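Shared between the two complexes below is subunit A, which has subunit B as its partner in the first and subunit C in the second.
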Partner chain A sequence: MLTQQMLQQKNLLLSWAAIQFSLLLLLQQAFAGWVIAIFALLLLYRLLSVFRAKAAISLKLVNVLAGIIAITFFLQLQQAGVLHFMLQILLLAATARLLALQHLYEARQLVWVHYFLIACCFILHQDMLIAVFILLVFAVNLYSHYRLFSPSVSQVNWSQTGRSLLIILPLWLAMFLLFPRLPPFWQIPNANIASTGLSDTLDPGSIEQLVQDDSLAFRVEFDGALPPRQQLYWRARLYEDFDGRRWQVNALRQNASRQRAADTATDSSLSYRIIAEASQQTGLFALATPVSSSSNVFISPSGLLSSNKPVSQRLSYQVSSSLAPVTLVAEQEQLLNLRTAPGNPQTQQFAYQLKQQYPQSHDLVQALAEHFRQQPFYYSLTPPPLGSNSIDAFLFDSRTGFCSHYASASAVILRHAGIAARVVGGYQGGNWHPQQGYLAVRQREAHAWVEYLHNGVWQPFDPTAAVAPERILDSLDSALPEAQRALLDPGWRQLAILQNVRQQLMHLDYYWSVWVLGFDDTSQRQLWRNLYRHLPAIAYSVAALFSIIIVLLLYYRLTQSGTDNTPQATKQLYRYMGKALATKPPSLPVSAFLLQCAKRYPAHDVCLKQLTALYEQALYKEDAEALNQLKQLLKCHKAELGRLRRAIKNA
Partner chain B sequence: MLTQLHNVEQSLNQVILGKSSQIRLALCCLLAEGHLLLEDLPGMGKTTLAHALANSLGLSYRRVQFTSDLLPGDLVGMNIYDARSQQFRFQAGPVFSQVLLADEINRASPKTQSALLEAMEEKQVSVDGETRALPTPFFVIATQNPLFHAGTSALPESQLDRFMFRLSLGFPDHQAEHQLLQRDSSTSRLELLTEQLNTGQLRVLQQQVPKVAASDALIDYLLALVNSSRHRSDMLPLSPRASKAILRAAKAFALINQRDYVTAADVQQVFPYVAEHRLAPSSDAQESRLSQLLLLQTPCPI
Partner chain C sequence: MPNLTLKQRLYQRYWQLLSRYLDKRQPAADKVRLVQKLIFILPTRYGWWFVLLITLLYLLGTNYQNNLILLLCYLLLSVFLVNIVLAYQNISGLTLQCKQAAEGFAGEATTAAVNLSDDKKHLMLNMHFVQPDNTNDSDTRQNETVLLSQPATTATLNLNGTKRGKYALPRIKITSQYPFGLWRAWSYIALAQHYWVYPNPDADKSAVNISSVDASQQAKTDAGETLSPYRAGDSVRHMVWKRLARDPANPVVRQQYFSAQAEPSWVVVPPLSGDALERALRYACRQLLQLEQSGSSYGLKLPALTLPQAKGPQHLQRCLQELALC
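What follows is the complex of A and B.
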């Protein structure tokens, strides 16, 4: 049997096994480790049986196995969530089907389930490279689909495959552009992936660790020109609780009300769009005082941005910022930031001295900056360990530290001097790509600085700028001594070619996130509005295009009918039996084929013989009367011919 | 008259056993006014077929055994001085008959071969400046040993072209040969053959052949078939003469099958026998590889 022959084909089974294996990899979030192992083993067994040309596993065994696995899936439904459960069941069904594949229709089902599963991968992944991989898997599935249906077992017609892809392309684009962006029907479970970026606790060493990470934190497109680097302080966290050693985000802030701030300030001198990478945290980034944002993010009164759920996929939002510092929200906030921790006696002493010398808070901060600048303070990625009175040890002993040390020490001094101060965590600067027009901010740009209360506004103060101005004006690399730069870049990253490839991939990824992922309902509405505005022009051009196509088609038809000398009788026959005649060997005459069919399907014998006789008369004798009779016969036996057509097709 | 033709066919089938398709093709060649080349090993029944054909059609029959020393004059005849009337009198050669069996034509010298082939084409012979018409119908059945036999000179391509059909009888199957051995003698059977169709009737049938309908679509298919042999390096191209012969043969074939129109199947039936020796003169008549290839490669949309 033909079907058996096809199923025996190694490369079909191979490609299906490969597809399921990649699906397993892509959907691994949905599966427990042991399930992945079992699935992989089953697929491996299937592959082995292909190469050893063994028969498939017995159906009973497959059923029992699948039943057991399905029950365990069901027991873990609560844990996994409905979506994961559905993916699990579907992939289980596909794998079990592949193991016990016997009939052609089963193979067809399998191919369709693969399509569905491949589409499901996009729920969990939106990355560009993974999208390319998913497309590859899709192509393999399409190939197997063609293989399954192609009449000749020997080869797949690639030009035809290409043509069908070309035909589908406009439809695909139209679906992408015009299909409504529906909200998901199901809850997408949060992945158990560790969060990245700044944490809620600021240890003396936490930022040093963060800057060794070269991965992207977020990208920014500015509506206007790029602001000077000194203004690029991306605020992300406010650390207000100090226990003598580490800073923490205040509990009140953690559960801060998610109300959107009223658009009070009218001065919004900066407008920009941020595309944040997945961080599994709710905290987002903004410059100075954000005054308005797109609806998917919230602005807290203290000028911090957050989303309502952890950012598990790339998130894009529009912000307008005023460059004025953040204002004091409530009296309580001031009290919160005046609390001091016991310990660090030398620092307290130093703070009182400063306070006496400079009663004005502004002068005091200037003096502190001057102190950092004048005294031999060093900026280093590898500061020496500090003792229990860490601020004392840093200020008066080691004098070597990273931005968190300086920010922490400054905030403590200011608080002891009676000035409300807090440490701000975030990012400073970024990598500007002029050609692509975006600023890439990596984890490397993580930074900490200080805000102190002055005349009811939180004035920013960056002690690092006093110690290592290159860090602010240029980049971290230039601020560090030669020996420490190597710490930032492992050896392989220093290869120029790899660096370049990484850079290009990052740019591609940027376009992907802007044009594909960023195409949300807002952009879609914008598109509709634009379409509506240019409606007459579009209508005219579409009409013109259509008329050109119709004229071309007509011309083609006319020239064709000049050269197309298919006789009427044959045309009639093809009209009613085209699909059946498509299975005719090309060199076999039509009437001989009909007689063969008559022999093979005795139920249609009379009809077919009559048909053949009339056809021969009409075709070979060019008998007009016979042609008319043929037409009538075809019309009368339409239903019977339909049955015959199906019988031939299914054979 | 077609019934009589079928009677002829039946009686031939009784003489030459198990070769009905070759007999039908031989009759078809006769109706199409073409000449027949039988290529076979000795003793396969070539002569019997020729003789039986002549007998059952009531035609005059002569047989010439071609040898290397056979001269053209031996074939067409010559002027001989009659001492009594003191005049030259034309002594007609064996070519002046309705069915001529040219046995082992590839043994004769090229000169003799071409004399015969000229007679076949022109249906007349010229001796000493005097042109004499050959009788009608004039039907040559030439037999030929396969070329690897010693002492043969192959017919050139241009002359092979004169034969409309090339057939090979081949070995009979088991049943037929068994029956053959059981019978006393085939020659006696040959003599039993009576005239089923007279010359006038044959003439009428021959004149009906061109009147068989061949539709435009069919001719297009035939041309596609012929064209597929051109511009190829692995075979000789088919000439317009070949396409004419194919159509005529197909028409005769349709007539034998009691139809007044040619079908694509008719063309496909006769094609290997008409085309193969023109595509590859030295090929084996048994297998007709090239013409089958062409048939398979040319799509038949009708």
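What follows is the complex of A and C.
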């Protein structure tokens, strides 16, 4: 009986449907288009049937339907991956349950599965705002859980809820902070999501696309002061294969050995912590030559950092770098970076000339930088398209390009001049937030430059710095003309207020990622150590707090019991008609006064007589029922009592 | 009880052990207030599922090294733990009292009114009497769900009595899963009260047949004329010996229409035993009810006791109680 009534409640069904819709939205990355369409259709059907008050669909039909859909999901398993398959099946189970909901225990199962799915959303989303949204969905689910076990008539008891929250919140935080953290137990399937950030190939247009993306790539906290901007070259990729048009990461580097480089250099002049955003790539970022890092990332011999699995959620790691350039690892590396591609005859010619003029590689690079500086080269986000001999066309014809054009051309010239050179992809600079003390590096800070071999050391050379020094010293915006800057800031982003809000949100998000997402076993151990150190102080303050609370409670109790011996009924009466009763002479009993009033104001006769009768019942018979009725009556006749009061006052 | 399944037998054994423990912990009292020492709390089945959920989320969070999943997991865990307190609060402080002894006829459902009172609200309380002796308790046991939003309510609970008599009120099991159904807080309460099971006036077919005959007609018929098969407890003096000699397999007795028929305002139960006594009591019960309905005054003569003639519901109750005790 009770269960049937409960499941008839529209708002419960609607809240479940809403939860499933939001789950669908949150998990949309995990689903193909047709999967989303199927779920949306099923849910829409359910909503329609709720609004038209139709009965649930028969279980058999739903089972058959769900079976067919599950089989199609299974056939797509290869494509979707195990994790996504699991999510699909779970959501399917929840939706099918909702379609054929008939019994209370089914509703309980539904709520259970919802909890699990809501938690799974956090695998895909860790943004603060989305996390807040997910917690909201969780709260709705918790409420529906409560409704399943509470009488349908009752309201939420807010004071009890508040008191429970007061217990839950500290308990929750304490568990989060103090409960031991374990390393992963086993390998788990990862989500198949398109990767973001630098890719393994660098063609003339790839970085231009990247810089229009305003999203965050990573954030850095420095242990010391912020290094000068000219040193902020975050290396992420080495492009060593050139086919005449595009650069590619060498196959050797792609499956680079995972072993950590020996800590040969002891000079680690720069120590910093990087919080990388999810990129679904293994490649990470470091300055110059990383010497040591925290255990969750690896340093390859060529000075690149990587994690052992694609970064699917924010990753925080500590690095210390030496500012010295990267050293040559093997002879093979040099040969690899001397290979040239056919084509671009003018460039070849130019390189030979330079080589003859400047036999020393260092001089040659200087001359090349001078060439870029002296000749009319332009820095632009929208370079004209280049022909088949792209380097020739860029160097001698258009002379307008972006960092990847300059880096690519310089590396090709150096290779033709017999100097081993490669293009490095990464990020340059970043946005320093002095109050929060971190450097935010966004995708738009993506940059490409060159490293050439000199005395067994890979010297960095940034041709862009010669063309547009503002780009390096200030930011990309200052290096671009006004018209192109608009490309970076489409529409609403230019509004100052929104900009400010975005900024504040980003700072909040920073604390979120440092304190919530980045809280790991190291920080936990630190916390334990601090707690232990301040143990006496904490104990004293807790004891002091408790004693204050106890004293306050005692005081409250004493004052309460001291003054409070007016009966409940009299209190109620005074609450509603205090002002009218103020004219009562002290010798007259309340009920007698009321009867007098009734005689004097016949308009209120009925109400007052009723009141008096109930009042006497409640006061002298100590009848709880009468007290309740008295309360009700007072509440109902509030307006009438007001009129009575005015009449007494005017008389 | 011959045909009890193993499960039922085990349950009875368990209940015996438990009652021995409970009798020491909470001897029967007129008015019982649910305090900490009377309340038991353990997770429900859904609660165990919830524990599984928390474990799964912990594994998920740890494996993905995902702090947010861990946060959610700890949130659920703290909700789970706080629920112990909430479940306790929902049941504690409740005062139970059974002011009137329940009464009913054998084989019929008897209801007992239990008064519940407290200053604060209690929601979704579930109550029933624990009567493991009843073999068919699962079908007849009806749970009473009480929402206590007023300071006092009365719950009517079903009792099962198959045999007449005066019994002590069995323990009341009062359970609550209130806020989230994760924990079951329950208590077994013994109230110092008894209940009466009177002989059933309608249970026996033959008794019905007999009583359908009009009293005046009965007076006319000779006592020795009706014969009926012998049943255990029938007086040997009524045996038809001649017939027994002819057919020893089917002994027959003369059906006695007791001398009470001659004096209609007296209900008489002759000194019998066994099944015959039961039949006589059922018949007497029926007679008492009829007499009370007709408004005449009547008395009851039992082998050991005589209740003088009177009328009114209290007199009827007194008579029925004596029948139950006979």
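Here, the second predicted complex is superposed on the first by the 386 of 651 C-alpha atoms of A that agree within 3 Å, B and C clash if a C-alpha of one lies under 4 Å from a C-alpha of the other, contacts with A are read in each partner's own complex, and residues count from 1 in each chain.
Methods note: a contact is a pair of C-beta atoms (placed from the backbone, for glycine too) under 8 Å apart; a residue touches a chain by one contact, two chains touch by 3 or more.
Model, not experiment: these values are computed from the prediction.
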Subunit A: partner with more touched residues, subunit B or subunit C: C
First, second, both or neither for A:Tyr45, with subunit B first and subunit C second: neither
Which superposed partner A:Phe176 touches (first subunit B, second subunit C, both, neither): second
Contacts of A:Phe85 with subunit B and subunit C, given as first, second, both or neither: neither
First, second, both or neither for A:Pro567, with subunit B first and subunit C second: first
First, second, both or neither for A:Ala592, with subunit B first and subunit C second: first
Partner subunit C, residues of subunit A touching it in the complex: 2, 108, 112, 115-116, 118-120, 122-123, 126, 131, 134, 138, 142, 145-146, 148-151, 153-154, 157, 160, 164, 167-168, 171-172, 175-176, 179, 181-186, 188, 312-313, 516-520, 624, 628
Residues of subunit C defined as touching subunit A within the complex: 46, 49-50, 53, 56-57, 59-79, 81-82, 85-86, 89, 121, 123-124, 145, 147, 149-152, 177-181
Interface residues, subunit B side, partner subunit A - complex: 213-218, 220, 260-265, 268, 295-302
For the subunit A and subunit B complex, residues of the former touching the latter: 565-567, 570, 586-592, 616-617, 619-622
